[in-house]
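Each in structure tokens, the structures are laid out below.
Each of the two complexes below includes chain A, the first together with chain B, the second together with chain C.
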Partner chain A sequence: MVTTVSVREDVATAEPPRSAGRRRARRRTYLWSYVYLAPMMVLLLAFVVYPIVASLGYTFYKWDGIGDPTDFVGLDNFRQIVHDSIFWRSLGHTFVYAAFVVPTQLVLALALALVLNNKRLRFASFYRTLFFLPVVTSAAVIGVVIQLLVSNFGDSINDLLLKLHVIDQRVDWLGDPHFALAIIILVGIWHTFGYNLVYFLAGLQTIPDELYEAARLDGAGPLATFRYITIPMLRAVGVVIVILAVIGTFQIFDLVQVLTSGGPYFSTEVVNTYIYHLAFGGSNANAVQPDIGLASAASFIYGVLLIVFSVVQVLVLRSLAKRRATGGKA
Partner chain B sequence: MTRRRVVTVMTHVALLVSGLAWLYPLFWALGSSLKGDDDFFSEGLNPMPSHFLWANYLDAWREASFGRYFLNTLVITLGTVVVTLVVTSTAGYVLARTRFPGRGFCLGLVSATLFLPHGYTIIPVFDLMQRLHLLNSLWSVIIVQASGGVVFGTFLFMGYFMAIDRELEDAAQVDGANFHQTFARIMLPLSGPMLATVGLFTAISAWNSFFIPLVFTLGRPELRTLAIGMYAFIGENSTEWTLLCAGTVITLAPIILLFLLLQRFFVNGLAGAVKQ
Partner chain C sequence: MSSRISRRTLLRGAAAVAGAGAAGALAGCSSDDNSGGTGTKAQTTITYWDWYASQAGWVDNEIKLFQQAHPGIAVKKTTQVSDKYADLVSLAYRSNNPPDILMVPKSPQLSQQVTQDWLLPVDKWATKDWQSRFPQSSFVEGVDMFDGKIYTAPFAAPAPSLQLYVHHKVFKDAGLTESDGSVKLPKSWDDVTHAAEAIASKSGGKVAPFGFGNSTNTTLAWWLDLFVRGAGSPGGAAVGGIDGMDYRVGQWTFGTDRNYADVINLLLEWKNKNWFYPNSMSISDEQARAFFERGRFGMTVGGVWNQPEWTEHKFTDYSLVTLPAPDGNPKALFYGPPGGKFVAVSSKSKHADEAWAWFDWLYSKDAGKRWVEQGQGLSVYADNNDPKGVTFAPFAQYVAMSGTAVVGPQPTVRNPLLTKLELPAVKPDINDVLSGIWTGQLKDVQGTLSSLTDKMNQALSDAVKKVGTGASQKDFAFPDWDLTKPYTTKPGA
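Take a look at the complex of A and B:
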């Protein structure tokens, strides 16, 4: 890119001498611009763009990751993935995870943001810090702590919850397929809740006080104010928050890998752990040989699904926000 | 008036109690890291140790290799922060200030990758590192970790530099400053808050990173980071729970302290990202 441009500029300098100095200065600026930009572009092209293209290439080979891929199998890897029930189950678990985590986080975060946004409330930023803190902790390490708590003191937790009548019989927390996923969901809600809280607080702060003032003068109660001012004014930010939350949950890996490694019997396998186990060998009961081709095919299918899903999501949420906004005005 | 007071006090009590309960897993890990083995089991869910056993930290640091993991994590985090800041501040500056041929293409490429889902492309990256003979080195983790954050950082710096008045640069250029001097002496010193924001984001994600160091240090236990060390520890010495809790504190405390010191940059950065 740099060379072609400088060649063209060389031809251009054969012009009247008056502008030659300025041209040379501009050419030097361009040249240094490319130098400044180059490291970022190299990292981007080599580690973000190239892998997207390259992963498609691997999908046509049966390859364990050692040496060069030579065993061409055509679309066999795709066929295998599409017929693998565990792939579909892990896709299902990923959706279940997102379906529980996102709405719960959004509702709780909005409620807490409304409380903390009250200007008369003192120490609001201290409380915000308390609820935000899990975000800066490592999901893997949190997974280890929860593992320790549950595997050593699952009985104590059972005793406590039995006493509180939350459960009516003892539970094998990480050994029971249903509860293992539930625990991952709970920890997932806890871990990234703070992002949504901060996003909602930022959104609430963009709403001008005069609107609330005017509503109060018109005799609107807190519920009416929430319904007719807060919600409509949060729509634009809300769309971004939902998209970020959904994209975030679909990337889940650390918590699952540390807490259950996808077990028991694949009951908590999500797509990213499924791909990891295919590519690098599983710590699961049916540990498989590394199969990069198969893992790449699964990655590719998931990547396409995610892109389609994000585009649809953006379009739907945008039009929904727009329609409601115009409907509200009419 | 009194009724409002009651409501206020109740709100504070509710917020404080729920906020502290929210952090229970962290308190539990902190307390358990100071317990003896007997204590750990008899006290169970109670985070308070009956006596403080500081030796756990020494044992975790020395015998359970957490000292080495700490050093690896520190090197990776510092390396990633430095690489990211250098690469994104220069790129952000150029994209904000010069209209060079090809700018539109670069900007388009950068924007497009912002919306692509990441994480599923680890296999080609792994293969690339293998071919560059960088596999199983801290460098591979630093480079891959940094490349994951360049787009986000470049955008933040670009926006920040665009908002700075051009007059300062024009004045510098009249005084004979060249391209580098303008950037290094005028613009970079002005971008302190953005350096802090991007640096902190990068530091937190590098310190906490699990997937990338897991994949790139699979064959070399001595290159493990704290998070990977903790994960491996569960599998290998599955009885020394109190050491594991000490490891948790060693892992979490530095990043929590860093966050508490610089949290306004972090929170403002997040808030800015969503308001755009």
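Take a look at the complex of A and C:
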């Protein structure tokens, strides 16, 4: 910090330098920024970039992770993945999960953020903590508790629902393909919606009170204020929240692995558990040979699909923003 | 200045204290390890890995006895999670930090573990005299020997791996008793159906006749395995690798042997009558065992590993039967290979002699006897498997069943080239398929089984081709096999 100030003083007191000198000074100015960034970059290269590049090499081998890969199979792993109906089914489940979790979470989080943002609300901090608690709770712990609730003590839930005539026979909530994914979606919404709540709260707190006062003076009701002030002012942060929420849901793994391990019969398998089961053997205690090559190919294909999806998402959001900026004439 | 001096003084003081401490510590260490000064022998610690959780009592006792007999050796045991054991061993070797001695992981195949130089041949110690304590044909090329070198040895005799457990109180409450008041144990498929019917009707639906815990996607196959064996299908459904095939024809027969579809349809029939505990697909086997103990259902399929936990909980009110058959007489049995595997010494061990001492101890007749007496399983030494020596009634029932497991054919004995066979996993496997059928996601039972059979046989055919000339699919067929008797595989025949 001190160094930065002194450099600035140097720059400020020096005669206007020539362009090479200015570049040198600027480089010196930003040198510390690069130094601060370096550790993160090293970690990023070691634990993100390198594995991606290395796993690309493995996609061309039949390899169980033991010894060095020697059985070169060319593009056969990609062919197998593309022709594997379970991969596409897993991808479908991942999209279904995202399609339910993202909109539900965003609507709930925004509604709750509006309530918690009310300055007259007492114990607002307590409620914020309460709603954020699931986020800091490990998915493994949540999975175990939910499993206990719906499987071990599922009789009580079933008995209650039978008495209320909601169901006409006992249901194995996590063992029935009609319900298992729905349970995971519900738990997923509850588990991570605290993030979006905090993001929306932060966004709401950046909106100047004067705008609301002016709207009230102009006779706008709560709905009109929400539509014409809150929504437009939240738009920028909203786009970021949507992108983060979508990316987050596509990374779903832990909840599925703990609750159902992708079963029964792949009815809750998502792409990340599919890749995990390929890489580390079966989802059960059987000795199934792991296939790192196949798992790497699946990861690569999923990565490409996600990049394409993200680009399309950004283009669509940009186009919508452009259309709004031009009043829908573009 | 003064502060600098005091800092230096402080540093000097700290260095002096640290030096004195280190010297003291080193002196302390050397007094522990140095046998010369005190006359005590230096102790060597060997690391040992297994996945024996419910058998930990036996292992710990053996370690205690071993250390008493070998005061110079300490065994540091690490029990890993069973379904992650193979991954952890692999990682340990990759990081060049494996244990000195370990239970042989199920994956990769033992032949691959040998070619990867994970394991040390123990021929130096396992002399002919040492080998003679084992039953005949215990050391078999392709099973526990590779290129004529011994890497591991059999610990347990072929055992009836699955049983139908019967809850006495549930049966008695349903009126399922003999004239002498003892529980009426089911022997045929009809007996099982009638028992289930009685439990369902007498309990008013409060107690389920059957239950299992399939969260790890394995136990449903145990039911199929137990019942199809009784009907005469020697491959069963719960055995992984090539030993799960029907060696009479050298192929998998899920789709061609009607017993499989018959048993699945029987199970579905029972399911449609709501005779299974409703959460069976999502609870774990451990949870299912706890529910069985509490009498939430009357019958479950499991192995002898159920018993230690129940004994710990003082639950002994149960019996076990095995291989229920259509007419009560089992047409096929459980089969094990000649030879076998249990523990092996790591090639990376720096204390191979000490590791061998522990290896030798575990394979001793006395350790095997204690294994049986403690209700853990059958011993490779037939003398140890005497039900009369077992005081605990349910385990004595199990020991008395030892005749339902015999040595089966072994293709690698016939053709040692087959040790190079690497059979790829076929997914979805029988566990997945059963789960799909059970949950109604796969409607066509026969079609699904045929498709699985085709894929598995194709995988075998491809794997055999990769072995090269000299290996053929005919090596897996033993048409002269009598399913009710032990089979001796002749090399090259």
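In the analysis below, the second predicted complex is superposed on the first by the 267 of 330 C-alpha atoms of A that agree within 3 Å, B and C clash if a C-alpha of one lies under 4 Å from a C-alpha of the other, contacts with A are read in each partner's own complex, and residues count from 1 in each chain.
FYI, contacts are C-beta pairs under 8 Å (C-beta built on N, C-alpha and C of every residue); 3 or more make two chains touch, one makes a residue touch a chain.
Here the structure is a predicted model, which is why all the values come from computation and not from measurement.
Within the superposed three-chain model, A:Gly65 lies in touch with chain B and with chain C [touch as defined at top]. Of the two partner chains placed by superposition, only chain B is touched by A:Ile292; chain C is not.
Touch criterion met: A:Gln147 reaches chain B and chain C at once. In the overlay built on the shared chain, the residue A:Trp190 is in contact with chain B alone; chain C does not reach it.
Of the two partner chains, both chain B and chain C are touched by A:Phe280. Looking at the shared chain after the overlay, A:Leu244 reaches chain B, while chain C stays out of its contact range. Between chain B and chain C, B touches the greater number of residues of chain A. Within the superposed three-chain model, A:Ser33 lies in touch with chain B and out of touch with chain C [touch as defined at top]. Of the two partner chains placed around the shared chain by superposition, chain B is the only one that A:Ile52 touches, whereas chain C remains out of contact. Shared interface residues of chain A, touching chain B in one complex and chain C in the other, are 65, 147, 152, 280.
Those residues of chain C that touch chain A in the complex are listed here as 82-83, 86-87, 90, 93, 106-108, 112, 116, 214-218, 240-241, 274, 278-283, 287, 422, 424-425, 427-429, 431-433, 435-436, 438-442. Across the complex, chain A is touched by residues 8, 11-12, 15-16, 19-20, 22-23, 25-26, 28-29, 32, 40-41, 44-45, 86-88, 90-91, 93-95, 98, 100-102, 106, 109-110, 113, 115-128, 143-144, 146-148, 150-151, 154, 179-180, 183, 204, 207-211, 214-215, 218, 226-228, 230-231, 233-234, 241, 244-245, 248, 251-252, 255-256, 259-260, 263, 266-267, 270-272, 274-275 of chain B.
On chain A, the positions that touch chain C within their shared complex are 64-67, 86, 147, 150-152, 154-155, 158, 169-177, 180, 260-261, 263-267, 280-291. For chain A in complex with chain B, the residues that touch the partner chain are 1, 5, 28-30, 32-34, 36-37, 39-41, 43-44, 46-52, 54-55, 58, 65, 115, 120-123, 127-134, 136-149, 152-153, 156-157, 160, 190, 195, 198-199, 201-203, 205-206, 237, 240-241, 244, 247, 250-251, 253-254, 257-258, 272, 275, 279-280, 292, 295-296, 299-300, 302-303, 306-307, 310.
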